[in-house]
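In what follows, chain A forms one complex with chain B and a second complex with chain C.
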Partner chain A sequence: MTSGFSVQVEAVKASLYSRMAYRGDFFISISLTFIFEFITPLVTLLIYSNGSSFPGWTLYQVLLIQGVFMMSKGIAFMFFYGLVGNVLGGVQSGTFDMFLLRPRLVLFMAIATGFDSEELGKFIGGLILFIVALIHLPTPSFIQWIQFILLMITSLLVMFSFSLISSGVVFVWVGCSRVYEIFDSISSFGIYPRTIFSKGIQNIITFIVPIVMIGFFPASILLGKNINGVLFGVISSISFVLLSLCFWYWMLSKYTSAGC
Partner chain B sequence: MQKNIKLKNALFVPKHAYGILKATAFATYKEWAAYRSHMAVSIFVGPMYFLIQVYIWKAVFSSRGTINGLTLKQMLSYYGIAAVINYIVFDFADWNLQMHIRTGSFITFMLRPMSHRFYALSQKVGHRMLGFWVEFLPIYLLFLFVFKIPLIPVHPIWAVLSLILSFLMSFLVNYCVGMTAFWLTKADGVRRMFSIMNSILAGAFIPLTFFPAILQKVFFFLPFQFITYVPISVMIGSYKLGGIEATIPQIVFVQALAVLLMFFISEIMWRLGIRKFTGVGA
Partner chain C sequence: MIHIENLRKTYATYHRGNSFKEAIGSMFVRDKVLVEALKGISFDIGKGELVGFLGPNGAGKSTTLKILTGILHPTSGTANILNYTPWKDRKKYVGNIGAVFGQKSQLLWDIPPIDAFYLNKAIYSIPEKEFESNLSNMVELLSVGDIMKKPTRQLSLGERMKCEFIMALLHMPKIVFLDEPTIGLDVIAKDKIRDFIQEMNKRGVTFILTTHDIQDIERLAKRVIVINHGELVFDNSLEALRNHMGEKKIVRLSTEKPIKNINLKGVSITNSLSDYDAELELDMSLMKLNEFITYINNSCIVKDLAIQEVPIESAIKDIFTSI
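This part shows the complex of A and B:
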């Protein structure tokens, strides 16, 4: 466990050192990631500034959901979504074999070496949005904060599942970088209040592919909103991770090396 | 050599332009057809994004009949048209060009008896021909018959003309972005910045009329609206931005002028940029 942690720390350090070789580009990239993530909140802001709204939701409540979603995405893309890039590039070039030869779990090494510091921009953007929204909303209680932290962990579990599924797919769908777009399109259901969707879709995004766990439920806890189905959502998220893990290893077994 | 390069690329239309376009487009088509399943991801992604827009706007319109003068049906038409237009005008000339400049492989294009810009445009034609039946056609039919979005243009001839101009505009803007690599070598930052600007200012995420009036006036003079917002307006049959109202022929004419201006900007950038290019070996 300790040595695993030190491997992770070394991978983060190596990633930062290599990225610092182009410092200017690094800070520009972080800033642009930060700006890009504000497109959805900008659309929300424009909807509300034109006198419209999502029924039952104020502007800052919606921004809070989007802020939580961005924070979760930022953490995930920084720490473990690099797995997708590692598998995608490794399988295409044949260098994925190197992960198989290292004296660590393949999955762990592929995650640890995929650390992406540029995604910090996503997290900072989400954090700023989160703070701005909270300033304009009633202060949550201590219990609500505890529940929020627990749900944020579940949110990261769902994000982890997505990284497992996306990276698992590219073992057989070689070189398909558009898996990111597939994730983006599916996860977009979690950027808005769940109540705007039909009952059928609400059930799918709560119990089958628990996208609402990423932003909607953690934010709803802080807002004191009705969170029907949260327990089933948590159970569904845990099941989703386990199934994703099985899927990843099944796909890994299908990997055929191209040599190095 | 330098003189030759200038001669080859300054406003140069090759003698056998059609033959070159056809051959390059066909080769690109064949090359990308090997990855058609990657392109076909759009058949899933496009409708998914659109489905979200349907729910967003149904919720927003639940308490109001019109927003900014648009009804729910018009709003969904806007997003439907925006989505399908993207499959016609999609471009990555910026990525290609900056990659060739950065790696030095651009030097091989200098030795060819044709303009690189024309070659890149021909590549885009081939790429989008494949995109036409793998992306555009299935999604067009899906929107038309499943989502019941009226995608038949009010003025078909003007719409086709506007789409061609939009196709050229997106290419020229991206080509200019790619050319910044002559000065910067690594143009990823500029590329991403333009991609963000294009996402917001072309009107793909939200109609430009939702922005404050002063910003709309600024947007009118930027090239981005001519890529998405103008062709959508032409297909819908009315154009309005920043208090400026124009008939369809008028706005298509303005779009044509904007494309011409962009062409000259790309020409100036080429002439200045090529002096900066250094390639070692090939």
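This part shows the complex of A and C:
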């Protein structure tokens, strides 16, 4: 465990040094990520300032969901979504072999070396949005904060599942960089309140692909909303992670290496 | 130390064709082609050996190396290396081996090699003292003290390759697999790397060296394994490989009279440079050297004569083309 942590620390340091080698790109990338992530909250603001709304939800309640979603995405993209890039590039060029030559779990190596500091912009953006929304909302209780932290962990598990599925797919669909867009399309269901969707879609995004767990459920707990299906959502999230892990290892077994 | 038995690897690939019509067609229906990369190879390698592993392109060398390093699973066959089966015990096994692939870097492009070494220190859990001692030792052997703190992208190919060796050997592996480690390097860098391999081999590290550079083999290997079309076609000492061509010699000859129609058994002109200069191949099992010299001096009057061994490339080429 300790040695795994020291690998993670060294990998984060190496990744930071690499990114900082190009200072201009480093700061521009973080800033642009930060700016682009604000498009959805700005659209929400535009909707509410024109007199429209998501029925049953105030502006700051929706912004809280979007802030939680952005924070979760920021953490996930910083710490474990680099897995997708590592597998995508490694399988195409044959350099994925290098992960197999290390006396560690292949998955761990591919995640640890995929740290992406650029995504810090997403997290900071989410955190700002989260704080701004909370200032305009009733203060949550201590219990609500504890529940929120637990659901944030579940939220990260769902994000982890997405990274496993996206990277697993590219073992077979070599060079398919569209996996990022597939994730963006699917996850966009999670940046709005679940109640705006039809009952069928609500069931799919709660029990089958638990996207609501990324932003909606953790934010709803903080808001003290009476929502159904949290426990089932947690169970389906854990099942989702386990199935994604099995899928990833199954795809890994199909790795054939490339080049000499 | 290494025991390989009847290793086979068959993989599926898809035939796409080369015409536009075939390329479009292959997007919908593809012809599956089974490739037998290894057809049952077996060999043993002892501790401290330095074995040259040769074969033409597509012979199955890299596939073998990937199986022996635990990267690929074979279709069938067994391997016992350091009491591990590489593809089953990968995580435990790879801590005991190192690998240098001439065309795949383990360094990190934008940061200095020293930072990549520290990453490996954490990955292999190398104790601080051992790390410092191994590093200073190898830095001295490869003379890379002043380049370790430069970003990798600013290093020459030779400097990078030296750092790749440090990266692969920092944890003091028992076996090191080398896949074309001197590819693209100048003679000085090649020499330095060969010296390093030789030194580490003296210290007990077993090496399996795949290369197309025959000088690597002549300089380093005592034993040579040759595979072709996925089959083992030669496994013997370097000396046996040299003798593969029999008792043949190359004779470079300059004469005062034109060299014409040498009708001697065991002698053939391989390269006629001019009427007075030629390169001949002499099979000494059919014609003795002194008899040949007497004959040629009497018939053409020798001005200059040089006798050389048949290059080892010829022996390897002969083995490659024999099956």
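The rule is short, and it goes like this: the second predicted complex is superposed on the first by the 258 of 260 C-alpha atoms of A that agree within 3 Å, B and C clash if a C-alpha of one lies under 4 Å from a C-alpha of the other, contacts with A are read in each partner's own complex, and residues count from 1 in each chain.
The criterion applied here is as follows: a residue touches a chain if its C-beta (ideal position, glycine included) is under 8 Å from a C-beta of that chain, and two chains touch if they have at least 3 such contacts.
These figures come from a predicted structure and were not determined experimentally.
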| item | value |
| --- | --- |
| Room on chain A for both chain B and chain C (clash or fit) | fit |
| First, second, both or neither for A:Cys176, with chain B first and chain C second | first |
| Which superposed partner A:Tyr22 touches (first chain B, second chain C, both, neither) | both |
| Touching partner for A:Ser185 - first (chain B), second (chain C), both, neither | first |
| Contacts of A:Ser257 with chain B and chain C, given as first, second, both or neither | second |
| Superposition-derived comparison: chain B or chain C, residues of chain A touched | B |
| Contacts of A:Ser3 with chain B and chain C, given as first, second, both or neither | second |
| Contacts of A:Ile149 with chain B and chain C, given as first, second, both or neither | neither |
| First, second, both or neither for A:Leu101, with chain B first and chain C second | second |
| Which superposed partner A:Lys13 touches (first chain B, second chain C, both, neither) | second |
| Chain C versus chain B - closest C-alpha approach in the superposed model, Å | 7 |
| Set of chain A residues, in rising order, touched by both chain B and chain C | 22 |
| Chain A to chain C touching residues, read off their complex | 3, 6-7, 9-11, 13-14, 17-18, 21-22, 94-95, 97-98, 100-105, 109, 256-257, 259-260 |
| Residues of chain C defined as touching chain A within the complex | 11, 62, 66, 69-72, 90-92, 94-95, 97, 99, 101, 103-106, 108-111, 115-116, 118-119, 121-125, 151, 179-180 |
| Residue ranges of chain B touching chain A (in the complex, touch as defined) | 35, 37-38, 41, 44-45, 48-49, 52, 55-56, 58-64, 67-68, 186, 188-189, 192-193, 196, 199-200, 205-206, 210-211 |
| Interface residues, chain A side, partner chain B - complex | 22, 25, 28-29, 32, 35-36, 39, 42-43, 46-47, 50-55, 173, 175-178, 181-182, 184-186, 188-189, 192, 195-198, 201 |
